[in-house]
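The following pair of complexes shares a single chain, subunit A, combined with subunit B in the former and subunit C in the latter.
Let's look at the complex of A and B:
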């Protein structure tokens, strides 16, 4: 399956881009996708990162082909 | 007359203008977000505006905190903002609150206002605003900035989602605009969007950003709106336990070395290590006796500039010969 990933804040800096398309051989869960990207790009503080699937910040969904997944870190500047 | 151009709008009218006059707004943090928000809200005729900030104006504030001028450097932000806004609109009530928001004062101060606008720059205060807003049943308008990116939402509006629903777990990566750099316009844009949400809430018009998080990048022009799920347990635990303090503390890498932290008590991140003596620069001369004279002590502040002055002063004036400055500031010594 294919997922469209979007990265925000310092995550975009860790990954080096704001979006990418990922081709996955098998179906994986959202948590697995997160763990995989966190490890691959050495993303700090994964517990604080929220995911949005198709613009919904609700992680209790199953990933489907062509879903959009946003990686959202908290930040507090002002 | 003063409000003619907005009263002409069908969304405002005379009744809308009366609503604005009957509403009070507390601005927590009169900085890059708070300054433009305060100006537009004062201009619009909000009946009472609280301007809360414990900080003083510095030169590096001026590129984005547009209420302040060179002549204001060193003065209280809350007080200067009040004086400037009085010149803009003498028909409204402006209250300067020269305090930091704390667990002790949050509920009392919030109870005197209808809407809270978050102009702060750290997680600890954002969670504090969130919890005090839940307990006082007030909506609060949130914004945050990281470099060229901003987030906007309205929390706790008519029992809607809260900040803890969006971010139940915080991060230690508390990176301020001072540390990362920011264009002055970025908090300007976000602060004006916050003021817009305040006006929409009061007037009861438009679509309020409750349950929605707007993320925008001012360079790419991209904008994304995410739906926030309400997490009732995150709200209930505050109603039951009161404010839950969020402490973002760091450790010092070298546990053997003795340090002197001369930052003021409100500066982030906080350090909790036994080998660190904490004496804010503002009270240093009263507490010199706490600093050992015979040991090597590394002195630090946020950037290394203030601590450099302190090291020179203590060496030349008070005979402390074993003090050394941490050149790169706090970031270079913490984990």
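Let's look at the complex of A and C:
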């Protein structure tokens, strides 16, 4: 399946881009995807990262083809 | 072309002080209002390890942020008896001393206006995917984290 990844803030800085499309095997979990990207791009402080799937912070979901997964660093509005 | 979104929250760059005055002026015809509450966020020139912040460069996951603003707005209107509410947040570079965040709530009486204003501020800081790059005077930077 094809998944669209988006990176923001300090994560985009570590990865060196703001988005990419990945071809993934079926049955990969969100946690596995996160761990894989954290390791691949040497992203610091992974505990602080929240994922949003199709703009929703509820990560109790299974990835589907064409999902958008955002890697969000701590929020800093205001 | 125009999206069916209730309000545009993000503004490019600093929020001009005139916008606050204009917002107040725009509500003078609404005579059922008896109280306004206003919160203004201003960029602070923090000194960290001897380096001084000269600006914050804001970015956001804009589509998700717009949805989050909408949900917070809906929740605020169901929790508090307010007449209206306006929120604006900067994107891009805002220099120290300039305004980056403006919340304006109005109600018949002060309590609802004040409580709703606080609610908006706290919810937005906690739940909206906005990111801030603190730029120091020497052009280095670090990423801001809300407490």
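Just so we're on the same page, the second predicted complex is superposed on the first by the 72 of 78 C-alpha atoms of A that agree within 3 Å, B and C clash if a C-alpha of one lies under 4 Å from a C-alpha of the other, contacts with A are read in each partner's own complex, and residues count from 1 in each chain.
Heads up, the rule we're going with is that a contact is a pair of C-beta atoms (placed from the backbone, for glycine too) under 8 Å apart; a residue touches a chain by one contact, two chains touch by 3 or more.
Just so it is clear, the model here is predicted, and its values are computed rather than measured.
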Subunit B versus subunit C as contact partner of A:6, first or second or both or neither: both
Dominant toucher of subunit A (residue count), subunit B or subunit C: B
Subunit B versus subunit C as contact partner of A:16, first or second or both or neither: neither
Which of subunit B and subunit C A:78 touches, first, second, both or neither: both
A:58 touches, of subunit B and subunit C: first, second, both or neither? first
First (subunit B), second (subunit C), both or neither touched by A:44: first
On subunit A, the residue positions that both subunit B and subunit C contact, one per complex: 6, 8-10, 48, 52, 55, 70, 72-78
Subunit A-facing residues of subunit B, complex: 29, 31-33, 118-123, 126, 143-147, 149, 151, 166-167, 169-177, 180, 182, 187, 213, 215, 217, 220, 222, 224-229
Complex contact set, residues of subunit C against subunit A: 41, 58-61, 63-64, 67, 89, 100-101, 121, 124-133, 143-146
In the complex, subunit A residues that touch subunit B: 6, 8-10, 18, 44-45, 47-48, 50, 52, 55-58, 70, 72-78
Complex contacts: residues of subunit A adjacent to subunit C: 6, 8-10, 48, 52, 55, 70, 72-78
